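The two complexes that follow have chain A in common; it is paired with chain B in the first and with chain C in the second.
Up next is the complex of A and B:
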């Protein structure tokens, strides 16, 4: 077979309507698989393992082997995108009659691009803030960081933030901002922390609250209402080789632990990863409205003061259900509350492609109206 | 197809980006407590416990594993209540009860004695196990403690101090325990 003919066959298959239907069927199957997987895995992990991946992997129990068992959403979406693009350019003619179809295809292609943008660029975090409190950072509960804070200065802290991916890798961590090295001796994605009993073996930690705890590794959890209590056994070693202390750090422990070195006060903690903002929010009021005579929630709303010296913003904003604050590329949604209604929690989403789905839906709707409008006009006696 | 290559390249670059250590100067936090810490209310919308502070009681946020500290009004300064939250069973019921007993000079007890010492009060977050021990010595310290497991966290409420002061503040403390509420339910 001549190379050209072979190429034409490949292009023909890639742009075929059959492939479109196969892809759509696979997407429907993936939706069902993802929905079912959310029960044991939780929403985020299920989406990551079925939709935001190129292949769905299966790992037999007690084995490190991973076997691809189904195309993932990324692969199906990519093939469908290529299929739509090729079909558009190869099969549709550039005529006024087909303008609606062109717009519809463009809208669908944008929809897939939007999902890719979301998968790769979206960052989701939370901001818990109490009434009267001001916050200028959000926290990512699915990613952790080892924060080393030089708290010597009375007004400002110097924070060296080490992502959990580096801590998990173990070994020695050195950075120009730190006059000591950190040695990660152990890292557990999830652990149970028990108070030590007199009969327990000696702690590996030499100081801090962790010295009173027994740390036992547990299988990681991923359910929506579950939280891993990660634990890291970390030693700080001075430049002269002196051991400054070995600490059990965990995101389940509230207070940082630390040591003094050359008159400087260092605090270490394993905590949700922080993303600092160039502006701040102060929670002025939080309202948890209920239907009269019941405990059934009617509405949650937070009145916040937005201050951004760089942009000259200083104003009140009311955030309530389905009415997020959109500012500086981030959306702050009312997500939760606590502490006897004195704590409000915002879900913070940064997604540069958030407008794409709206745009694509509008284009598909416009394309359909145009296409069927033309058909209708033609059927009612217009020119053929 | 050529038009797709830049797109794939951009996606690949971002997909392969590595985490890096960052250094930042930040204003000192004046938060009363690190409310984002796992021991308190983490992660949103994780299930968490809330309570109504009894009238006249002064509540202050805690630190470390301690979530809150209360100063009861009766015989002020002679008793204190605390709330501690720990992941998991934190050693189990018997170990914690014996630890409390040790704090007021009492000897450890076994499972059988534990069962007879245990009382329960009902709250909207579930049953709270209650213990009331009076210690030895001339000052007679007393400890009333409540224990409740909510999801994967065990919460410990402890009222401790002079026998007289703890006795006077115990009814309000029990009322606080009866009013416990699981925010997520």
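Up next is the complex of A and C:
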């Protein structure tokens, strides 16, 4: 077979509408699987394992073997996108009658691109802020970091952040800005922390609150309203090999723990990863309106002061339901509240592709109306 | 031609007359002005509604119906609530509580028999036991409760609602509410004096304070227990601060300058107890006069809602749809033009009544038509019926109209069953409180549901013809197929736009366009399925028959995404409406699969000659 013919066959297959149908069917199946998987797994994990992946893997219980069982959303989406693009250019003629189809498929292609952009670039985090507090960072509850804070200078903290993936890998962690090494002895994705009773075995921690705790590993949870309490047993070792302290760190523990070294005060904590912002928000007021005579929430709104010295911004912003603050590529949404209505929690999303769906929706709607409008016109004309 | 339009008009008008029948009926025969009482406004669940709505919804929750048979006659919801509030000793003997669960019956020490309705007095002795069991069950996640636990929580909830109603106007069983109240008002000024300056107080005032303490305990209980707040704020008070009878009496002004509604309610209570209709009506009319002077808006909107409740447009609409549907069947059998005219007249009347009902809800609620599952069912039926009427103009074979009538009937039936969960005009959670998105996203998605269902109904009609009709004309089959194609295109358009608009709303409120959550996935499935049908048709994978089979499957997809995803959290152990609905959903899907199989049978099973 000449290479050209083979090439043509591949292109023909890739652009065929049969492939479109297969992809649509697979996508429907995936959607159903993803929906059902959310019941035991929670939304995030279910989506990560079925949609935001190229293959759906199945791991038999008590086995490290992973078997791909189904194409994932990424693969199906990619094939569908290629299929759409090829079919469009190879099979559809440029005519006025087909203009609607062109416009709607262009919009569809954009929608695919938007979803891929979301999958790769979207970062979600949270910003809890109490009335009167000023915050210039957001927190990612699903990713952790081991933070080493040099708190010697009361006015300014020096923070060294180590991502949880490195802590999890274990072993020895050295960082240029730290005069000591960290040795990770244990790491649990999820653990239960109890006060140690006299009959319990001695704690492995030598200092901090961890010395009074019994840490028991638990299977990780992934439900939408559940959170893992990760725990790490970490020793700090000075350059001369002296053990400065072995601590149990956990995001379930509030206060940081630490030690003194050469007159400097170091505090260690395992906490949600922080993303620092070049601007700050101060919560001035928080309102939680209810319907008269009930506890049914009617509206949540936060009045914040936005300060950005770099851009010379200093103004009040009202964030409420269905009305986020979009600033510097990030959107701040009213997500939650607490502490007797003195704490407001914003969900912070950075998604560079957020405008794409708006555009694509308009295009597809326009295309369909054009196309089906023409068809309806001829059907109505035909019936007379 | 003239004759047929005359018949059409006659059928249309008689349909409307039928629907307006509730306005002509005089209602319950009673000396008491029950209807006037049922139109009084109250605040409950965050909105102002008439006592009638509250009574209907409460009786629905407690008994599953909007009326209650007592001896030989039927009590309306308002009559029942009057008895429950003002003559609890009588209401306690009404068999209002339905108990099905054998284990709950066992707990109550009752044998399983044909009787499943019980009166409050039969249950009262086990009240504490029920409360304790319900509290224990409440500690569990709703998905992990056993059938018994779910039922006992449900029973406890119903009993509590009933007990609250009993203690709304007066402490249940109070012998002389007027006397109590008047003594309280007489004692209040002196007692207050004694309270503010105990040293200088006269002996009589100190005595008054002591006596008052007894009353205060009773009224405090009343303030906590009451089911609703019937007293609107007076001028100068915060517009949201409606109060219950107990709250109003205990308010700082309660004894010194009582709310005009207070004497009205206690006098109504006493008169009702003593079967003094004139006294009851006097007190009621006095309060009505005050309301229409001071709170004309709340008073008239509550009155309008009571009128709407009484009209029950969706019930008469349902009946009209069935009659129209039977008419179309008769027409296909008899082939007489006048039968068709009658059916069309009835269908148009049904759609008009449906439209008026929908419009009335929009006006009463001040919201776009779809705000919850109940109203989505009402709206789906309306769109499907309208679409059916419109499509009927293109191909006058009766199928589109009959499909519209069938869907109108079915969705109103579903809506009717959804009312059991309580107030259908409930307030919306904060995130949903956006008329703009309710009017755009929700409406378009719901139109998508409706048209997908209509396409499915056409598919079923086509399949039925395949097996039932002897003499086939290719023209009719073709007309059906092209109708189905048009309707599927229409639903692809609306379900796509609706789905993406939903994404945009999600982006506005949660910061993500698409989160793959169950409801979003359900909407996506409809889009994907409709797109598949159109693409399959385009490449010639499916022809007439294939499209029809796929359209029928579209009904299953839509039903799953409309109701199925709401049941995801529902475990096997749960009990109640959604569980029942789950079985209906399975029956619905199985029925549609059966139709698809029928269509896929080889040609020798058809009555039609294969082409």
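Following the convention adopted for this analysis, the second predicted complex is superposed on the first by the 364 of 384 C-alpha atoms of A that agree within 3 Å, B and C clash if a C-alpha of one lies under 4 Å from a C-alpha of the other, contacts with A are read in each partner's own complex, and residues count from 1 in each chain.
Criterion: a residue touches a chain if its C-beta (ideal position, glycine included) is under 8 Å from a C-beta of that chain, and two chains touch if they have at least 3 such contacts.
Please read these numbers as outputs of a predicted model, since none were measured by experiment.
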Request  = Could you say whether A:204 touches chain B, chain C, both of them, or neither, answering first, second, both or neither?
outcome  = neither
Message = For A:189, using the defined touch cut-off, is the partner it touches chain B, chain C, both, or neither? Pick first, second, both or neither.
response = neither
Task = Look at A:294 in the shared chain and tell me whether it touches chain B only, chain C only, both, or neither; answer first, second, both or neither.
result = second
Query = Taking the superposition as given, does A:265 touch the first partner, chain B, the second, chain C, both, or neither?
reply = neither
Query = Of the two partner chains, chain B (first) and chain C (second), which one does A:251 touch, if any: first, second, both, or neither?
reply = first
Query = Of the partners chain B and chain C, which touch A:313 in the superposed model: first, second, both, neither?
reply = neither
Inquiry  = Output the chain A positions appearing in both contact lists, the one against chain B and the one against chain C.
reply    = 335, 347
Touch list for chain B against partner chain A, complex = 1, 4, 7, 11, 14-15, 18-29, 31-48, 50-52, 62-67, 86-92, 95-96, 99, 151-152, 183-184
Request  = Flag every residue of chain A that touches chain B in the complex, lowest number first.
outcome  = 82, 85, 113, 116, 120-121, 126, 128, 130, 133, 136-137, 139, 141, 151, 153-163, 165-166, 173, 175, 177, 192-197, 209, 214, 218, 225-227, 229, 250-255, 271-272, 276, 335-340, 343, 345, 347
Ask   = Across the complex, what residues on chain A touch chain C?
value = 17-18, 20-21, 24-25, 27-28, 31-32, 34-36, 38-39, 43, 46-47, 51, 111, 114-115, 118, 122, 124, 290-294, 296-300, 321-324, 331, 333, 335, 347-349, 351, 354, 357-358, 360-361, 364-365, 368-369, 372, 375-376, 379-380, 383
Query = Which residues of chain C touch chain A in the complex?
reply = 43-47, 229, 240-242, 394-395, 427, 429-431, 433-434, 437, 482, 486, 489-490, 492-493, 496-497, 500-501, 503-505, 507-518, 521-522, 524-525, 528-529, 531-532, 535-536, 538-539, 541, 565, 568-569
